[in-house]
Amino acid sequence: MTTYLSLMLLIPLFGGVLNALVGRNLPRRLAESLACAAVWGSFVCAVLAALAYHGPEKVVVAQWFQAFDLALPLSLYLDPLSLSLCLMICFVCGLIHLYSVFYMAAEADYARFFALLNLFVFAMLSLVLAENLVLLYLGWEGVGFCSYLLIGFWYTEKENADAGRKAFITTRIGDTALMVALAWLFQLFGTLSITQLNGMGFLLPAGIVTALGLLMLAGAIGKSAQLPLMVWLPDAMAGPTPVSAMIHAATMVTAGVYLLARMYPLIGSSTVTTSAIAIVGGLTAFYGASCALAQRDLKRVLAFSTISQIGYMMLGVGAGAITAATFHLLVHAFFKALLFLGAGCVITAMHHEQDIFRMGGLRRTLPITFWCFLAGAACLAGLPLTGGFFSKDSILTALWMKGTALTQALYFLGLLTALITAFYSFRMVYLVFFGSNAHQQGHHEQSDVLPMELVLIPLALLGLFGGVLDLPGYLGGGFLGSFLGPLSGAHPVEASHTEELALQGVAATLALAGVFAAHVRYGGAARDNRLQESLLKPAPLVAFLLNGWYFDALYRALLIRPYQALSRVLWQQVDEGVINGGIDRLADGVGSTGSWLGRWTTGQVAVYLLSFAAGGALLLGYLAWRSL
Amino acid sequence: MSIPLFHVLILAGILFAMGLACTIAWRANVIMMLIGIEIMLNAVMLTLVGGSAQWGSADGQIFSLMLMALTSSEVSLALAMVVYLHRRKQSVDTDDFTSMKG
Amino acid sequence: MNPDFPILTLLLFLPLVGGLSVALLWRNPATARFFALLVGLAELALGAWLGSSAPAAGPTGYFLYQDLPWIERFGIRYTLGMDGISLVLVLLTAFITVIAMLLFWQEVKERVALYFALLLATETGILGVFLSLDLFLFYLFWEAMLIPMFFLIGIWGNGRKLYSAVKFFLYTFIGSLLMLVAIIVLYLMHGAQTGSYSFALAELVHTQVPYTTGLWLFAAFLLALGVKFPLVPLHGWLPDAYCDSPSAGTVVLAGILAKTAAYALIRFAYPLLPEAAHAFTPVIYVCAVIGIVYGAWVAFAQTDMKRLVAYSSVSHMGFIALGIAAWSPVALSGAVLQMVNHGITTGALFVMVGMLAERTEDRESLHYGGLWGKVPVLAFFFLFFNMASAGLPGLNNFVGEFLVLVGTFRVAPGAALGAFLGIVLTLVYTVRLVQDILFGTPSQPVSLSDLSLRESATLASLAVIGVYLGVHPAPVLDLIKVPIALLTKA
Amino acid sequence: MEATLFYILALVTLVGTGFAITARQAVRAIVYLVNSFFALALIFYLLGAPLVAAFEVIIYAGAIMVLFLFVIMMLDLGHPERMKSPRLVDWIPALVLVLVTAASVAVLAMEHHAQPLAAFSGISVRQFSQALFTRYGVAVELVSLQLLFALVGAIYLGRRR
């Protein structure tokens, strides 16, 4: 098992480092194959590990560093949660690597791209497999770093680089909260091993558990783009589309959910924390969905929908339904990657046009993409019997069943969000694929897009039928539920079959209603009206949603501007003015005193003599005065 | 001998003060300044000789002799300088010589 | 090795003697350069050999020790000792000096021999501080290292070089004089108590210092060391000195000279005056945290690359101060490790910035841009060291910072929380610098040549050490374990 | 007897010096000073220093004062109307200083009681010379060197260009 796990990590690391160091000098095909082979090698290891799996296992690979009682081994932990995530990550990333080979075919700097992708896989896997919180932090920061460079991959444009920077710094804020939690945990327990910590939560007073939970939540908020640190994710779409699919949809952004799920045994005992998680999740889900309603950029629609869907996962964690959250995490990874990759096909076909109001009629020119994208949208909308339906519904059910006023309020918020989700999913589908559009000319040759489209198919199947991973109880229960069952703390109240059916019925109705609404507003002839409207200045509400509730402007006014202004003040007023100026003035004072005293040396002998005599007289006078 | 040392010292003190006053007051004439210095040196010699008489040892007298030798070299150099400076500026007023101004 | 062989003396004075010989080669700059490099390499080799063949440390933690009478009348002895902490810093010193020489091989065109001689002389001064165990000897080296540095800045600097050199000298010198007073008071006090007057550290630690007197003495130490550290209100000399000194001088200043203060705090000030140090701990905490946040914040406003890195150095040194103030084994290990890391990383950053400035004669970061595509190797290293400086896990700075923060959080959570804020701010200015230089399109065409093989190899050695210390810091941590255990239990 | 003589001579000295420092003509000042130095030489003799007394007359009153005269004549400084004599303002600092000094001396004097010198028959020339050339031999050499330097210096400064 040690071999599998360490190989799973080392292969992509090796691939990444190799590509980073010598990739530029390798033939293109070799570099690409190397990168893909590394990830699929990892996948093979993950599968082998899964086959050999027979219970949670902790593996110490090596010692990282040790200073007195702070011992940090490089230890890995394989349990159902990490195993299922590893499989998903390797698989999705592997597909996206393949996709990238074609998507980035025209890019000259392929070595950097694939090196970073591979390094990302390494970091993500170490995040997931880490048994030690510091190792988890390494992965946590590593994915952030790769994401930073990948968002800004086309660095020559300032906006891209700015977006990368924004992502890096915003997530760093959350990361720091996580690091505080680490330091605190070490102070309390003297260890940072996740398995040990999870077993010791009961030793702590509730207040501290709450505080720790909130700190971890802050970390998760940063990484998973939840309120109020979600501003970076829409901008992160500046990166190449495979990057958006891989990092900003399937894997990295769900790391926060993973962290909370992982540490749930420790932090779950605090009601305040779980409520906070649930509230953050619910609000973010609603926020993301509402913003997605008004976006014009295809990738930004998907970005806000990602924010919203992760909000659902947080809701699940907050409701104590770790299984449901993980289930949604996995299924979401499939269908959101699918949607992004589909969007990538669309964008390639449209020559990097991303405005959905300028697209149309693509269902005929890109049929495979269309069907796959439709499958993804159905999952996102939660149409009955798709994977997304089951996973989202298990979260909502868990919320309802928890039965407190808060969770039931959040349940209704979730339902409302589901309605909006269905609406914007199909708004997107209608605008992109239906109707006809003037921009038909100059599509790529079909063969350019075809290999990329092929990658969509397995993802579409997984998304559509992902539900079988964890079927509801009335269909005989699911595999995931029993697999993840041993995770302590993951015991939400079971719903009876009738209740479950009723709740699912409500959700299904809402989803269908949303799709219907979208059809009414964007389908058929109405679509052209919308296109006409889109040329006008947007209404205030639309603009409000389009700009993500103006959070960016708020932060700019509240944080960024003052920070910049104050930095200049600190430098020029305090540092140059007070500290340096003070010293300079002191020096000037000493200097001018010196030159003032220097005027005494007139060069006239008489003055010297007089001074000398006066000095002598003073001495003598002093002696006389003493003897008086 | 019935001369109290103390009176010798008072005499030396008064002489010294007069020399000092001369040096300070005659800033317009180097010659008189030098004369003031000579008076002060003589006062010092008087002190030394008085001390020598008090303790009956020759050292004080020897030092006064040394002093005399030093004085003569000092005076010869100083007067040479006066001559030199006078040649340059046609003046013996010390306030005219300020090239050592700091 | 013959135990009587004065190997420490050899280690200490090899650069000085070598430097003097280099100075004799003033007619022939090329030879002087090579000879200087040879001396530097020999020193590094000697240090490495000592490190690898070091016998087991005795109960005092010192595995090499030399003690000779010098000025017996005043109880001054020539006492050198090397324990784990010294060894680590000696290696760092020798390494950084070689790096500085190698990377700025052609930077200086005039009076080359003298330049290299002074660099080597500085090295001896710094090594002396790291090796002395007699306070008089320590003070001697402490002052001695200023002099060559002063000339390095004053002669080969740029900008307002004389202003900066004098400022640097006066700042550090005035502080040091206070420390000298404190040393002498301790000496007299110890002599009066025991009857034997001695400057030896081992003797002076037993001095019974009255509480109030101790406070004054420690304040004097703190002022002297705080200037060189620098702790925040005392850092006024640093931006100017770092900016205006020649690049190699900056690397030496930031990479190793600043460490002498931290070392002296650990080796002398705390053990000599433990009670007063304890009383002063809050002050150091405050200075350190303010330094971390303030340095990072001011760095953000800089567009002069060298000045930015200079302020970032203030911020990073704050972490070291924090770790020392916490005085717990973990935090102190972190502080010492961070001294090494800071030497490597900030040294490397100054190297990078210096190389850019050397190529274009422009230090304004806004004038650059898009270097990633133009000079990929340079850009790679630039990004690498910036990320190391920002504390990316897996690279060296992270380990040190983590140990410091975790160790400090145990004893002083409030101070640690302030420092955590610094982590975010560090990233803010780092990423800004990276973006200015590497990304975007250049606002004016800059013609640059990528790294030569010599430069790449040297930087690669720094980078390899960076990764190594980030992934496997155990060798350093093992070395400093015994001395730190001794220090913190005392 | 000796004491009376001392006081008389002291008076002569002081009066002579006083005239010397206030004289309007440098030549007159020199003459008053020579007078005063003669009296001082006698005081030296009274204090048991015959040799010093002799030197005082020979070197001071003789050589040095004559040197002064030479210079005064050489530079043609003998005309009082061409010379700036000190104004009253110039005397004020001098007088203040003298007053302070005198007051201090007076204060110090009040603590002392004048005690006559111990019985003492003066230092013979032999004693003097023995001490001078044995114990202070080096000093003599140094002084002679200094005289030589002064000689060289004076010649250098005085030469005509």
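Which chain is which? They are A, B, C and D, in the order written, and residues in each are numbered from 1.
Everything that follows uses one rule, which is that contacts are C-beta pairs under 8 Å (C-beta built on N, C-alpha and C of every residue); 3 or more make two chains touch, one makes a residue touch a chain.
This one's a predicted model, so the numbers in the text were calculated from it and none came from an experiment.
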{"item": "Chain separated most widely from chain C, comparing mean CA positions", "value": "D"}
{"item": "Comparison of A-D and B-D by number of C-beta pairs in contact, larger one", "value": "B-D"}
{"item": "Approximate Å spacing (C-alpha centroids) for the pair chain A, chain D", "value": "100"}
{"item": "Where chain B and chain C are represented by their mean Cα positions, the distance between them in whole Å", "value": "61"}
{"item": "For chain C paired with chain D, centre-to-centre distance based on mean C-alpha positions, whole Å", "value": "67"}
{"item": "Chain centre separation (chain B, chain D; CA means) in Å", "value": "6"}
{"item": "Where chain C touches two or more other chains at once, by residue number", "value": "none"}
{"item": "Set of chain D residues in contact with two or more other chains", "value": "93, 97, 101, 105"}
{"item": "Residue numbers of chain A (touch at least two other chains)", "value": "610, 613"}
{"item": "Inter-chain touch pairs (all)", "value": "A-B, A-C, A-D, B-D"}
{"item": "Footprint of chain D on chain B - complex, ascending", "value": "1-8, 10-11, 13-22, 24-29, 31-32, 34-36, 38-39, 42, 45-46, 49-50, 52-54, 56-59, 61-62, 64-66, 68-77, 79-84, 86, 92-93"}
{"item": "In the complex, chain A residues that touch chain C", "value": "20, 24, 63-70, 109, 134, 137-138, 141-142, 145, 148, 152, 155-158, 160-162, 165, 168-169, 172-173, 176, 179-180, 182-184, 186-187, 563-564, 566-568, 570-572, 574-575, 579-580, 582-583, 587"}
{"item": "For the chain B and chain A complex, residues of the former touching the latter", "value": "20, 23-24, 27, 33, 94-95, 97-102"}
{"item": "Chain A-touching residues of chain D, taken from the complex the two chains share", "value": "93, 97, 100-101, 103-105, 107-108, 111"}
{"item": "Chain B partner contacts - residues on chain D that touch it in the complex", "value": "2-3, 6-7, 10, 13-14, 17-18, 20-21, 26, 29-30, 33, 37, 40, 43-44, 46-49, 51-52, 55-56, 59-60, 63-64, 67-68, 71-72, 74-75, 77, 83-86, 90-91, 93-95, 97-98, 101-102, 105, 109, 112-120, 122-123, 127-128, 130-132, 136, 139, 143-144, 146-147, 149-151, 153-155, 157-158"}
